[in-house]
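Input: structures, listed below.
Two complexes, one shared chain (subunit A), two partners (subunit B, subunit C).
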Partner chain A sequence: MSPDTPIGGTSAPDSPSEARPISNARLGILILLGAEMMLFSGLIGAFLVLRMGNITWPPPSHIDLRLPRAVTGINTVLLILSGYTMFQALRAIQKDRVKQLRNWLLLTGTLGLLFLVIQGGEWVQLVHNGLTLQSGVYGGIFYVLIGCHAVHVLGAVIWLLIVFGIAVAGRFSAVHHIGVETCTIYWIFVVALWPILYVLVYLL
Partner chain B sequence: MHDNEHASHHHEESFIRKYIFSLDHKMIGKQFLIYGLIMFFVGGGLALLFRWQLAYPEKPLPVIGASPQYLEEGEVVTGVDKMWERIYESEKEEWLEVNMPNGVIEPAFYNMLFTMHATIMVFFVVVPILVGAFGNFLIPLMIGTRDMAFPVLNMLSFWLAVVAAIVMAIGFFVPGGHAAAGWTGYAPLSSDPQWTGVDWGQNLWAISLLIQGFSSLVGSINYITTIINMRAPGMTFFRMPLVIWSLFIVAILLLLAFPVLSSALALLIFDRLAGTTFFTATAEGGGDPLLWQHLFWFFGHPEVYILILPGMGIASELIPVFSRKPVFGYRSMVYAMIAIAFLGWIVWGHHMFQSGMRPALGSAFMTTTMLIAVPSAIKTFNWLGTMFRGSIRFTTPMLHAIAFVSMFVIGGLSGIYMANTPVDIFIHDTYYIVAHIHYVVFGGSLFAIFGGIVFWFPKMYGRYMNDTLSKIHFWLTFAAFNCTFFPMHILGVGGHMRRISNPMQYEFLQTFEGMNIFITMSAFTLGFAQLILVFNFFWSIYRGKVAEKNPWHVNTLEWEAPTPVPHGNFGQIPTVYRGPYEYSVPGEEADWIPQAQPEHVPATSGD
Partner chain C sequence: MIRRLLFWILVVGIVGLIVPALLQACPACKTLDEPSGRGFNPSIFFMMAMPFTVFALVGGSVFYHYRRADRKRRLNEKVASETSDESYSASSEENS
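The block that comes next holds the complex of A and B.
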């Protein structure tokens, strides 16, 4: 329970005698998610305010524009699937199955990248159709909100690659796998956030 | 970042590890303290500049404003008329000559001065000192652990704050000057360079605050984890000192509030740099300037409590110690802080009564705002109840704590007036508001900071601060503070708008000239008094009287640690047996019982 052993060589050893109900690293990541939620609340709040403030949505200038609902729907399924595989990766290492961990991680990372590639493709298409960052608030908030999520997915993928590297090096075990655990928590947050954005931005 | 911590017996660390990229929570706390004090002088200096302009509009500044023309002719041609050309041609000219032609403060420069004064004081002085310095220094010591949960993140938090300060400082020297849209950065003033003439200044302002947001985020993750997970055996939540409670609550507020500001800043940066129109109403599918206000104040009001709650915590430590009595109503103090923190989320609209909000909504915000008076009053009466019939010792920290309580009452009461929508219509955007915020943040937070510095100085540096100088500093500050800010209430009721560079332009404000001059004189005295503090601070680090382990006879755990506190804080982690405020317990010989002192009856082995 001490991947966070500080470089200064302090904290952990003889602090509280009783075992902690939750490790520092796990608690830290959960607290981080609180902040992430507020960041997205801010952006979603802005989205809603701008949306309510316009009589039509999309506004008259882009009234013909349709967001790619179907493709994004498939993309949504892919991302949710990656949440499942990530969870399986954690389950695997909890049972000390290192090889399975690696496979599940690889699958998760591939799904995450696939999500980003499909979304990137969509964006290229949308820009061709005339929806840019400068196309009023409609384009602006679309790219900022969805882009903010995409950046989080990218961050999660990079984190996952690091975890994968450590897994390949064989440094995780049933006892010691806090790295997988924190990454799973973060990954699942990013996955769980997406359906909300999909419904808000694409469907409604 | 020097200090004379000559202890650290085992493993001597290199200079860089120990003083610069330190992982030790105590050193990081001291770094934040010195950082905050430096920024305090920057922010205060800016305030003195614009105070001069308010008292003597269009007159050259003393000393730095003495231009050759002034020395020869006794008066100068000011640059007001040529303002706009000057700003855009500024690259060629000297900085001082652009902003203060002939030593006179330009209106645009004036806007920048008050904007940056508030920005620096809020984000770079009060929060870094209260949360960064006291939080880092006190949390591990007071809950009885060896360091923060994530020392590396702790170091990162400090150095991100330094980067933010540097980015903010660069803004002063870019063409067009620094941000000038007020510290609240209202759109569209902030979102479009054409309104203020400020180009990169405002961008750097936003970027710097984003970085500061990361610093706060990392810091608050650390604080919350540490407090939840790393308390010493026996240190239950309701045995925690109140200052730790306040820092815990503030860390949660920072964690949840700052990301909302970050989202607003991100949108602002997109508006300024990428051509979006989130905060500008345009013909086709435009944005909404009010959106900025909602996002900003949704962060901004919790931020106000971030500024005051640790001050309340510090006062709650000092008052029982120097009254030699338990704090009155410990649990109600905790619940009151939680209530304040909670209510802080649902009152942001009271900053926007003038924005064309629906009156019914305004009334709702008015009600929630006035509700805050209840927990605040609970705290105030508890402090008074603690002092009542105590054997009060008027040490310097105690004087500061009493000043905190009394100034907080004045600031809090003026807050209730402003919460009334009908009253607010009259006094909004006047000096009444300025008086209120300064009574709370200067009279409240800063007095708590001063008191805290004097109180914990012996633990931080192993020496006392010079008491004569501390007392002179206190009395000068207290008198000058009230002379500076109290008349502002009168100015405000008289209709004196804030954020105007030359009140003499308005006929109805000309009667206030004498009062403005008086305020400015007091402000300069106030600024001068702070030099005493800084001199005393640095002098005492090296020359102060050496302090014993627990000079004030305090119960809490930080005084159990040896002085100066070594790396790792405690020889053996103390076990906590009791609450933090057991002073003058009947039947006891000493009038204080440290938290780590076991029960007298050794017969039973229970804890």
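The block that comes next holds the complex of A and C.
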């Protein structure tokens, strides 16, 4: 592949792929998100069974344990903000503003990493307080559900860094930016999922 | 064949009406009064709704893109035909 080749499958406007109503990359990301939704619905379903099935929540074994709601609330705001900055990155490249795209991507990545760092700090605190994966159903479902989301955020940050690298190389334009678009769709999915998990796990 | 099938459906229906506990195949239904049963119920409804939600979202998105592309194509065709009409009338005026 030559250095000038557009990344992410977008080709010249008169090529057959451009004539398709929906590009392969966009269709692929939609199918991936469908699978991701089913994965998280399975985990949320398991959480509901345990949450509604227990008369007291947290269960008696962790009755004194309090999840850090306030810090996680701030973390939620940070992640939602990163969704906004990612959307702005897409808007910037649609207007062919490559420098703005780089800045917005960098800001989004920083917010994503900050989210992970704060969450990691919370986890360390919780483990010190005795909440581990083996400490019972409460710890098990907490770490599996929140951890699964954290892995997705980490994956999205890595993807974002790759997109940022391509943006620095100047290989995105107003016409060729399917890489930014698919990354934005995935990022917004990860961001939109978090408030649901926050309300379910931390507030209910 | 159909009469035999209908006969067996009728038999199962009658047995079900007489002994309804036999039809409670799902273990969660038998424990609805217990806390674990109460936990299963919302989870079942939630997970039952998810495939439809996913299908609606993905299908709706694909449908939206198709509609948008179709609208764009029609608009392009309309503009192209109007442009060709104008150039044709301009050239015929020049000729006359």
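What we mean here is this: the second predicted complex is superposed on the first by the 186 of 204 C-alpha atoms of A that agree within 3 Å, B and C clash if a C-alpha of one lies under 4 Å from a C-alpha of the other, contacts with A are read in each partner's own complex, and residues count from 1 in each chain.
In this text, a residue touches a chain if its C-beta (ideal position, glycine included) is under 8 Å from a C-beta of that chain, and two chains touch if they have at least 3 such contacts.
Just so we're clear, the structure is a prediction, and the values are computed from it rather than from any experiment.
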*Taking the superposition as given, does A:M38 touch the first partner, subunit B, the second, subunit C, both, or neither?*
both
*Is A:R51 touching the first partner subunit B, the second partner subunit C, both, or neither of them?*
second
*Between subunit B (first) and subunit C (second), which does A:V144 come into contact with in this model arrangement: first, second, both, or neither?*
first
*Pick one for A:I22: touches subunit B only (first), subunit C only (second), both, or neither.*
both
*Return first, second, both or neither, reflecting whether A:L133 touches subunit B, subunit C, both chains, or no partner chain.*
first
*For A:H62, is the partner it touches subunit B (first), subunit C (second), both, or none of the two (neither)?*
first
*Identify the overlap between the subunit B-contacting and the subunit C-contacting residues of subunit A.*
20, 22, 27, 31, 34, 38, 41-42, 45-46, 49-50, 53-54
*Contact footprint of subunit A on subunit B as seen in their complex*: 23-24, 145-152, 217, 220-222, 224-225, 228-233, 255-264, 266-267, 270, 274-278, 282, 284-288, 290-291, 294-295, 298, 567-568, 572-573
_Interface residues, subunit C side, partner subunit A - complex_ = 35-44, 46-47, 50-51, 53-55, 57-58, 61-62, 65-66, 68-70
*Complex interface listing, subunit A residues touching subunit C*: 20-22, 26-27, 30-31, 33-34, 37-38, 41-42, 44-46, 48-55
*subunit B touches which residues of subunit A in the complex?*
4, 6-8, 10-11, 14-18, 20, 22-24, 27-28, 31-32, 34-36, 38-43, 45-46, 49-50, 53-54, 58-62, 133-141, 144, 148
